[in-house]
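A short worksheet on the structure shown next.
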Amino acid sequence: MSQKPWDGRFSEETDRVVEAFTSSIDIDRHLYKYDIEGSIAHCRTLARAEIITPKEADELVFGLEAIREEIETEKFEYKDSLEDIHMHIEDRLSTYVGSLSRKLHTARSRNDQIALDIRLYVKDQGGKIAGHLRDLCNAFTDLAEKNIDVVMPGYTHLQRAQPVLFAHHMMAYFEMFLRDKSRFENCVERVDVMPLGSAALAGTTYPLDRSYTAELLGFSAVSENSMDAVSDRDFIMEMLSCASICMVHLSRFSEELVLWASTEFSFVDLPDAFCTGSSIMPQKKNPDIPELVRGKTGRVFGSLTAMLTVMKSLPLAYNRDMQEDKGPLMDAVDTLRACLDIYVRMLPKITVNRNVTESASGRGYLNATDMADYLVEKGMPFREAHGCVGKAVAFALGEKKELHELDLSELKFFSSLIEDDIYPALSVKQMIDRRKTYGGTATQNVRDAIVRARKRLS
Amino acid sequence: MSQKPWDGRFSEETDRVVEAFTSSIDIDRHLYKYDIEGSIAHCRTLARAEIITPKEADELVFGLEAIREEIETEKFEYKDSLEDIHMHIEDRLSTYVGSLSRKLHTARSRNDQIALDIRLYVKDQGGKIAGHLRDLCNAFTDLAEKNIDVVMPGYTHLQRAQPVLFAHHMMAYFEMFLRDKSRFENCVERVDVMPLGSAALAGTTYPLDRSYTAELLGFSAVSENSMDAVSDRDFIMEMLSCASICMVHLSRFSEELVLWASTEFSFVDLPDAFCTGSSIMPQKKNPDIPELVRGKTGRVFGSLTAMLTVMKSLPLAYNRDMQEDKGPLMDAVDTLRACLDIYVRMLPKITVNRNVTESASGRGYLNATDMADYLVEKGMPFREAHGCVGKAVAFALGEKKELHELDLSELKFFSSLIEDDIYPALSVKQMIDRRKTYGGTATQNVRDAIVRARKRLS
Amino acid sequence: MSQKPWDGRFSEETDRVVEAFTSSIDIDRHLYKYDIEGSIAHCRTLARAEIITPKEADELVFGLEAIREEIETEKFEYKDSLEDIHMHIEDRLSTYVGSLSRKLHTARSRNDQIALDIRLYVKDQGGKIAGHLRDLCNAFTDLAEKNIDVVMPGYTHLQRAQPVLFAHHMMAYFEMFLRDKSRFENCVERVDVMPLGSAALAGTTYPLDRSYTAELLGFSAVSENSMDAVSDRDFIMEMLSCASICMVHLSRFSEELVLWASTEFSFVDLPDAFCTGSSIMPQKKNPDIPELVRGKTGRVFGSLTAMLTVMKSLPLAYNRDMQEDKGPLMDAVDTLRACLDIYVRMLPKITVNRNVTESASGRGYLNATDMADYLVEKGMPFREAHGCVGKAVAFALGEKKELHELDLSELKFFSSLIEDDIYPALSVKQMIDRRKTYGGTATQNVRDAIVRARKRLS
Amino acid sequence: MSQKPWDGRFSEETDRVVEAFTSSIDIDRHLYKYDIEGSIAHCRTLARAEIITPKEADELVFGLEAIREEIETEKFEYKDSLEDIHMHIEDRLSTYVGSLSRKLHTARSRNDQIALDIRLYVKDQGGKIAGHLRDLCNAFTDLAEKNIDVVMPGYTHLQRAQPVLFAHHMMAYFEMFLRDKSRFENCVERVDVMPLGSAALAGTTYPLDRSYTAELLGFSAVSENSMDAVSDRDFIMEMLSCASICMVHLSRFSEELVLWASTEFSFVDLPDAFCTGSSIMPQKKNPDIPELVRGKTGRVFGSLTAMLTVMKSLPLAYNRDMQEDKGPLMDAVDTLRACLDIYVRMLPKITVNRNVTESASGRGYLNATDMADYLVEKGMPFREAHGCVGKAVAFALGEKKELHELDLSELKFFSSLIEDDIYPALSVKQMIDRRKTYGGTATQNVRDAIVRARKRLS
């Protein structure tokens, strides 16, 4: 006969296939650290409430710490019949403290226990992700600083639009990842609520000092409503949302790296150590890291979809469906952390081919807007100037020349307002440095932005 | 020949089918209010920078206000050939101010203009959603207060678990929707950044005082990086995430209403005015509102999926794909607001069948946990008590009795620790009121929670 | 120095973190069987084309079979530095056949090799899923047959609507899962195309007889276009779509089981061996299997989202993003197969509480439609009859009676057309058996449907 | 007092806000054609069963046809209080045929009626989509044929890999869209089942000849189970899956067009009539159509997510949530059809810059594989040849030369097997034409593939 913690009323043993199907140990074993930390705090709280003696608490804590040691040194054995990490630990605990182990579960249900474990996980991992994001923001700032004077074409619709500083482009990613950091921080603040003491769903009859438990575990608050505490998984959905948005940013940067590493663009060289080749084509050096990061975006979106689907329409309070919450969460956290980490490592090793990017900035009529602005300064309304330059572009295209390669008489054909002073206005350097409104790409602006960025990060 | 704002370099007119395919006017016309508000602020900023005269600014503002009036009184005509709301307004403006209208677009691109419009929309709608959520939280608190002494079965796995107060159950939803409110507030804080002045992507050459524009429009900050400012749609993805999580909560409550309105549960009566019948079955009174709200969850999840998909892997800066951002956003905002609003209206009219819920609380062995707790108090370790009560339940099931319907001799069979004082311990009232740890369902706890809830909302 | 199959042009070794990040061996090791099967066929094809000698082919095949044996007996060692299953096998092969192993990769790229492996996997697993579905359809038919005379309320909007046979309800699921089977079969037909010989993307210069390879591997056709062959993952997206729709059906049935196992419904008893209890509440017997199956729906939807996201906007031909295809696929296949299997095992053990379902069929005005039909037969237009019965229901509700519990004088108040012959018309039995149009719930209909079902399955 | 078709038992009028919230007329009005077609067939079936007289049937049909005319000439008025298209038509019908209109709903429920309408819609639209796909396949074949001798670089990982024919690349898309066509055809076959006669859920008591109705409406079969017939929305989920996969293909082609239209690639010119410019940058010619199509992919994925979410966990039979099925379906169908149509129009106008693509094929070491193959032919094992060529590439990179630009002595340094005959082997033309295994890019292969394509389409 089996020894489930709940089989008093059952007349039939659990089917083996059912045990395997319902077991969550493969996933929730990764929570052991939080589970033991929570159990230790629970022991201390039980002792404070005089439900167990201080000595009993010490014994239980000793046993729990021993088990943690076993797990961390890979001496711990897992089996489906024990369902989950809670039961594994409790079962093992009895070999250390005998029947005393059976008191640990007083005033506690697996419902509030797992809620605690995942909250501790989310707090911990959320903090770590914020750390990766800080590192990544630093790496972008370093890359920007290192290449402060490199000019490249700025694009809209993947068409060359206006020249920008490569550093300005990098600092756009700084902004995205800093916002990601703030989102994860908000998420961590919201999860910082201690659920233990909610028991199965209705609260407990034991006089637990929940604030004490919260203090031991480093939480800022205790949960206000026991039914909500055990059935709430907002923090998982929120963390997966934050992760999905962050992956969008990573995918955008990855796409750009893939483009820039192509023969056609040749804007950057990726480090050999971060690329792989082809088993059939000897010349290939593939941008595998950006491609994989881009691909992993799907995985994280999938986790978000999964979790929203799981939670939709579940009546209160706990339902077994919620066991399916940990897979998507952990997979997304691991994926995101790995992607952030690999870019923190790779960014410093990216080389910009400044000759290529600068030469590209001079071809493709990127100075058309500035020619229009020139005409506006001479008094032409903007919309008219736009049309006039459009015609000049069409003409130059036919001539296979750039605008600044047309001679003055050709240019004057499009407007008599044009004088010799147009040529400097069409130079890449002037175009960059004239864009000096706050947030623009002028070199001094970007230098200032880098200084501010360092401050905003610290 | 058409009169596109950009056709100078084109040799061929836009195909009609292409115009229809690329037009966004059906959607972005809903942004007219924000677009005009932004254009007015831009006029004032142009004047302050002496790019246009104060008189020109006044004329432009007059024209823009007249157009707003036209739109609001439905006298404005829309057509695909004008692509979007920006072009519609600019085109119409020329009938008011002639060629002066062509100056409005100085130092501005549709890229930063649309970024502004959507940010204003998200700020505005985010605030309104927060307002709905406050109303809904109030409605749950009222419903809780009104039914403060109603007992019902609490469920896990949709199996009766332990008795709870109906009010406690309602206050669980209060917690969820209050968290939603805080998420929307964080989202609104993050979107509160003014993008105008970023122009197409690189910033503008005109000396705009962007802080002045921000002040006019009520923004707390200006964007730090022009490329990010025009290519960022984080606030849409974040708002859709918040909306999806909120819909999860609405779907859970809806599911419960559908269950409770069934003949089997009969826990609540929904107001006739919020139900519909069947065209074939004359007896039917269907819980259409909760069903529809539950169904609309899919729609909002779909919008989130759509938006994440659109943004994935887009290189900087603006890409036309991003035109597809507004449909999902607006549909989700309208859907969520309608769902919140209908529940704010419906909640006060829900009647709880307290006789049914109370009688249900006494059947289904909901006092099994308390019997175990009783044994623990008498000195039995919890796990042992659990097993002992499990056997008592199995026995009672066979007898078709509840635990409290067994007589003392029968109970003693399971443990000699059981005495006459067990019967009060198994009563619903005691079970509720013994759960008085913070966050538990004891009546006084819930009363206190309601008082705190009122304060937290205001 | 490492020994990558592609490092000729590289000057720097792959970073360890990069190796771990890019390695796919944890996932694609599950493809070993298909990979070896494909390699064996490729050997034979190389020999037939006289690219290698028959003896060389024999040696290679011998080595490959030995490796298969090693893997199946868990003697094979995996390491991240060898990237994927192809490299692991090729590397190991050299210990069996020395440098001959290096000829195996002639006229083949990992691009067509992995395309082959996944296609073999999808064909194989698709067939197995179809088998599970056939078993499940049989199980539903058995359950229907066993309970052929059990009446239960049919529901719309979770409100009692009209009585139906429990068997009729079960046969609705038969229809759903039979459609699922046909979808998987279509998917398997479409994937039945042999890609080998496409090499990296452009086809191969070696004179391979691709039809021969197809024949060896049991494919009906060879791919028509080499670029499509290596970049196509339609079959994964299609299989995940089929799996998602099938999970929708499983989730619907699961939802019903959860409802029916509740105290409120009490329509079925689930076998103890398929339920679990609570660690805190001794009375609980939870419907874990249906809950978990319902929850796992999210996981499969998530895989579909992931895969669609991965493939969106990828240029031809192979991109490394596509490495992320196997995780979602395999997870969904394993999940679906486990869910189907557990229900095939559980269905025969479900007990229907016929007294409960039958008694429920007589309460809740399920005969209102038949009363309206009765009036229509007596000459009243349907819409009028509907209104008249609606009023009778309202009256009966006030009296706390069912329609058939009203006496004739009361009934006549609503229409003088009503006579004594109304009472049999309102009986559950007649209601069931009068619905004898094809597809209706009349007992003989359902019997016939069961007979047809057996035939359609075989 | 309102006149709902179901308000007999109701004591309170429907709230206005509720009417607006629950109304589906904005969406289901698009089904009018199918609804009327179905009603006409139902009339005829009622007459055949002698439930109404032939004359009554004629009158009803006359009325229904008149209403169709009204709708098509936009003379029909819609209002929220009539809920849906069925009620609108029935309400209007009474002005044509008086109280006879009330007989139309005999033996029918809105549940089977809407199931019929959507099935007719899916059959019809599915057929139309298949038609678009055939046109698109033709357009790709034409484009391929027109450019049969144009060479371009083939890519993997967006790195130049091996030269391919542009026509071969186009025919890869032919394969994808032909598979899409077959998926839609399977979907249409599965939806080809007539649900009328299922009534609310249990079948009808009226002796309808359902096969007759099916024949009138052009269905191949009648539904087997009434509960399944009214609660099944598989065909919507399947159609949305097919649409999503098809959008993946469209997004891939779009991505390539965006790349190819960039200055960096310059492989194609898109027709001016299908591009738009910038309101600020006069030089811009943006690939709006491909960008929008790529963006609309998100919308279709979103619809699929929405629909799967709606259907998950719904108990049988009809639930009001299912009203949310039509929005995602119709939006996806309209989106997909518009995208297919615009590409059918645009494809013939795309110009390939063959000088650019051909010159690109000669730079970037695309002949490295062929150099390895050359060495294999001379007797070197493939893996060794790969390493040897890798080293030659590294050397050539340093010399800023291509492989075929190295002189023989330089080449011999990497292997003494190399002779003068290597140069022709490294030429683009030979590389293309040596890949003549079935499905490869050799010119004759592609010509044959085009011929087969024409046949497979017709």
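Letters A, B, C and D mark the chains in the order given here, with residues in each chain numbered from 1 onward.
Assume contacts are C-beta pairs under 8 Å (C-beta built on N, C-alpha and C of every residue); 3 or more make two chains touch, one makes a residue touch a chain.
Predicted model only: the values in this text are computed from it and were never measured.
**Student:** Out of A-C, A-B or A-D, which pair touches the same way C-D does, with over half the contact pairs the same?
**Tutor:** A-B
**Student:** Of the chain pairs B-C and B-D, which one is connected by the greater count of C-beta contacts?
**Tutor:** Higher contact count goes to B-D.
**Student:** Need the CA-centroid distance for the pair chain A / chain B, whole Å please.
**Tutor:** It comes to 23 Å between the two C-alpha centres.
**Student:** Roughly how many whole angstrom separate the Cα centroids of chain B and chain D?
**Tutor:** Between these chains, centre-to-centre, one finds 32 Å.
**Student:** Multi-chain contacts in chain D: which residues touch at least two other chains?
**Tutor:** In chain D, the residues touching two or more other chains are 5-11, 105, 111, 156-158, 161-162, 199-200, 259, 277-288, 291, 294, 297, 301, 304-305, 308-309, 312-313, 319-320, 369, 386-390, 393.
**Student:** Note which residues of chain B are touching chain D in the complex, please.
**Tutor:** Contacts found on chain B: 4-15, 17-18, 21-22, 83, 86-87, 105, 108-111, 199-200, 271-289, 291-292, 294-299, 301-310, 319-324, 327-328, 338, 341-342, 345.
**Student:** With touch defined as at the start, can you tell me which chain A residues reach chain D in the complex?
**Tutor:** Residue list for chain A touching chain D: 156-162, 258-259, 261-265, 277-288, 291, 305, 308-309, 312-313, 360, 363-366, 368-369, 371-372, 386-390, 392-393.
**Student:** Considering the complex alone, what residue numbers of chain D touch chain C?
**Tutor:** Within the complex, chain D touches chain C at residues 5-11, 99-100, 102-103, 105-106, 111, 154-158, 161-164, 168-169, 171-176, 179, 182-183, 186, 190, 197-208, 210-211, 222-232, 234, 237-238, 241-242, 244-245, 247-248, 251-252, 254-256, 259, 294, 297, 301, 304-305, 308-309, 311-320, 369-370, 373, 376, 381-384, 386-391, 393-394, 397, 432, 434-442, 445, 449, 452.
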